[in-house]
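I'd like to ask you about the structure that follows.
For clarity, chains are labelled A, B, C and D in written order, and residue numbers in each chain start from 1.
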Amino acid sequence: MTVSRQELLIHTIGRLLLPCRSVAVGASSPIPGAGALLARHWAAAETPPRRLFLTILGSRHLNAMTSGGVELFDMAAQGRIDAFFLGGGQIDGEANINLVGAGGTYPQTNVRWPGSFGSAYLYYLVPRVILFREEHSRRVMVPRVDFVSAPGPRADGVYRPGGPVGLLTNLCWFSFDRRRRRFVLETVHPGHTVEEVRDNTGFDFDIGGDVRTTAPPDAATLETIRGPIARQIAEAYRRFVAQVFPTAA
Amino acid sequence: MTVSRQELLIHTIGRLLLPCRSVAVGASSPIPGAGALLARHWAAAETPPRRLFLTILGSRHLNAMTSGGVELFDMAAQGRIDAFFLGGGQIDGEANINLVGAGGTYPQTNVRWPGSFGSAYLYYLVPRVILFREEHSRRVMVPRVDFVSAPGPRADGVYRPGGPVGLLTNLCWFSFDRRRRRFVLETVHPGHTVEEVRDNTGFDFDIGGDVRTTAPPDAATLETIRGPIARQIAEAYRRFVAQVFPTAA
Amino acid sequence: MSQDWLRSSVEELATQVSDGAKIAVPHDGLGVAMETTRALIRRGVRDLHLVCVPVSDLQADLLIGAGCVRTLETSAISFGEHGTPHRFHAALKAGTIEMRDATCPAIHAAIEAGRKNIPFIPLRGIIGSDLLTHRSDWKVIDNPFAAHRDPIVLLPAIRPDFAVIHAPYADRDGNIFIGRQHDLAVMAQAAIHGALVTVEEVRDVDLLASEETAAGTLPAIYVAGSAVAARGAWPLGLADHYETDEAHLRDYSQLARTADGFARYLDEFVHRRRQAAE
Amino acid sequence: MSQDWLRSSVEELATQVSDGAKIAVPHDGLGVAMETTRALIRRGVRDLHLVCVPVSDLQADLLIGAGCVRTLETSAISFGEHGTPHRFHAALKAGTIEMRDATCPAIHAAIEAGRKNIPFIPLRGIIGSDLLTHRSDWKVIDNPFAAHRDPIVLLPAIRPDFAVIHAPYADRDGNIFIGRQHDLAVMAQAAIHGALVTVEEVRDVDLLASEETAAGTLPAIYVAGSAVAARGAWPLGLADHYETDEAHLRDYSQLARTADGFARYLDEFVHRRRQAAE
């Protein structure tokens, strides 16, 4: 079976989330959402079954919350969100992320993105923040972000029980070494090379002892992704499912 | 018609509350509750009818709130509670009130009362706090409270948009002069005298130009109190109504 | 019960908002009062301080494009997959609005502080973000309860003049059903004058009569005025009632690329009040 | 769905509370977990830090009388018209509990701060009250946002280990119906481990499926464990379900005048589990 790019990412995310009790996913994040559903599926299949609480922001049914939008942030502060996803118009080698704009002088930037959303808070408090940005280019992966929406971990004495565990892109998976404040290339996706990663990354990074190929899902997992996961995620991300899993939408 | 002590107090309170948009009443306060219902009744009879929001703590139906106990305090801070009632095991001439205990050394007081409830907050924030204590004796009206649950108004630079408008007892109605920090005897209830008030008050107070007799309710008002008000309050204060208005309970 | 809380029209409701007012608005799906927004533009309100709780989309872009906004406080302005908020971008470039970039939990916390009418509230995170550099109204202090150095941000409370929202229905006493969207209640409570509310309809029920509905109700005491506006969130959606009109949003985003196109949109959909067929 | 949240008994639920734990409890009418309280006494828990949100009555008096409490934080202990909390008074006189007198909004605000996991929260009022004199954990600072001197109290957040509550029912997934008693949700959220909940019953429904019930629901993610306890608030009441057993409260208050009488009460109603006829 051919594994699509999306399926590889969903599988990778599912594995990263497996240890969690509680995962939250942003409103426009179908791949992370599907990955979280996969992790929940696996947890429920354990003996004894384990419950993984999942909240997809904006979803009515895939939602463990009942008190409105502020609840996500309070839950994160309480230590009740184990994993969350953040992206960025720019990401740099110290894991600073920029969701505001590039070029020019703030607020009159040449390019304006939507804004920082909850990043300047969740990045400090959620233990496993997965940086997820499909586009892997020197435009995104920059030496230094133009605006710090949320800073990467640093030894500044600021209360920070959380932070990034790594960065997942269309090319590879980097872990992030919080002490050394550097990304470490861990696996490269099938069909891509370390060279290609290096060419498309504007910041320096380390290379793990042996860079393996990102593990693809096995046949059973692929069936799960294409069947139940695609159907479950259709509510929250109708358009995405119609595009990627036309038979489930 | 003979006017009972309770009916005189209910009528007096009703008049004090008439200017309000919103009144809250504590859980064990049937007379203030009835007074507030009377003010609401009058406001609804104005042309055009005016709405008086009423919350009787602990009541399900006489309750303008839906978010739990904290809502009363937030409403008070917002300026959405115009009047509230406080009492005290002791009240002194500077309008300090004590709901904690007397004698001995705190916390090992000789007498222990329930505690300060919301007084140490509402007393500062609600514009018309009516001190209400039926027992008018030197045991209650003391020169100086043994424990200040909530202090009377003072020029200490503390944020204090609220405070007491006066003190209503079984004998009389005192207003409170916030600038001079003294009670002023305004009216004495029918059948009682200024002498009697003085004999039973442990603190110094001023006497208004001409101390009148507290106005009793007219026949129509009395009918209202004994009919609709008694019936409405029965839900919140079943036992009180059974005692004082046996025909309505 | 007199229905003194019920305004004759959304136009009348909109007159309660003075020039220079600070208004808090929710985000798509929660009950964005789009019909009120159009009425505000029609009456030519100016110099609004718009607080998006915690983000906005079409509502902010329309108000900014129509010149109603002086200050914009938000954690994001985004049309998602439906296009680009061109009027917001144009105003930023032109420097015609004061931009206060925030982060969602900071806006929520400041509104919660407004509800308690406490002057400020501490919040974790934020330190090291450039947001803080540009928010001179946010302060960093050392947590006075910590044994060691522990810097923390203090946010000043937000008390808007009004929360402006749309909801499924009011009951006969002017209580508003908001369901689990507790955020809407917090906004209304934080507002000095309360909420200006449009509803799809008024129902002859008492929302406070049962525990089930009371828990999802904004009591009338927090309501400064209400008016009926069927499909009052259009072209945005209202959960359980109607979906976002995605085609309209895409058309809007196309038109609003240029000042001219935006003017045509205003003329047609705001001033001449055309609505898409239901 | 596996019901790993459902304990076999209230006894099992009570084992989750360790000696020295800080527990938050609501007041009468909101869902006081009296059966759990009796189970805690039976298992002989010690050194509790009891946080009453914001007041308590029989529950506190029983736990104090049984020697389970080291620290009591409350705004009042009162039986209202049903008598006097003699065991509380006796413990105060004997100096066997650490007393932290508070005021209702301070306890609420500190619990809300716990829910946000911010280290402190400011609150108006309090300054000039003797409460402040005896609360060395409360601080006064000068409001850093004010142009002039503006003293204000800072309260440290309260994060109990558990909220201990009783509710009408759980749904099949362990979500708890609490109606409009949003305070119970705040307590559960503030608690480090969440809520220990007894329910009258488990119903085969999904509380999150409709807006009406979702708004009055404490989601399972905040629940550390649940057990079924029919009439679990007895002799206190549960709104819409049963009234407070006033005769029992009066009898209790009479018995608890003396240590001997209290011991007899414990023996009969706690250890031998006698309940009044329904």
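FYI, contacts are C-beta pairs under 8 Å (C-beta built on N, C-alpha and C of every residue); 3 or more make two chains touch, one makes a residue touch a chain.
Just so you know, these numbers come straight off a predicted model, no measurement behind them.
Fewest steps needed to get from chain A to chain D, stepping only to touching chains, is 1. When the C-beta contacts at B-C and at B-D are tallied, the pair with the greater total is B-D.
For the pair chain B and chain C, the distance between mean C-alpha positions equals 39 Å.
Chain centres here are Cα averages; for chain B and chain D they lie 29 Å apart. Averaging Cα coordinates per chain places chain C and chain D 36 Å apart. Chain A and chain B have Cα centroids separated by 58 Å. Among the residues of chain B, those touching two or more other chains are numbered 66-67, 73, 77. Within chain C, contacts with two or more other chains are made by residues 109, 112, 116-118, 123-124, 150, 152, 180, 182, 214-215, 239.
Viewed as a contact network, the protein chains fit none of the simple shapes, being neither a path, a ring, a star nor fully connected. Per the contact rule defined earlier, chains pair up in contact as A-C, A-D, B-C, B-D, C-D. Looking at the complex, you find that chain B touches chain C at residues 22, 44, 48-49, 51, 53, 61, 63-67, 73-75, 77-80.
Against chain A, the residues of chain C that register as touching in their complex are 27, 29-30, 53-55, 74-78, 80-81, 88-89, 92-93, 95, 99, 101-106, 108-109, 112, 123-131, 134, 149-152, 180-184, 186, 239.
Contact residues of chain D toward chain C in the complex are 109, 112, 116-124, 139, 141, 143-146, 150, 152, 154, 156, 178-180, 182, 211-216, 239-240. By the touch criterion stated above, chain C contacts chain B in their complex at residues 1-2, 4, 115-118, 182, 185, 189-190, 192, 208-209, 214-215, 217-222. Interface residues of chain A facing chain C in the complex, by the touch rule stated above, are 27-28, 58, 60, 66-70, 73, 77, 99-100, 106-109, 112, 114-125, 147-151, 154, 156-159, 239.
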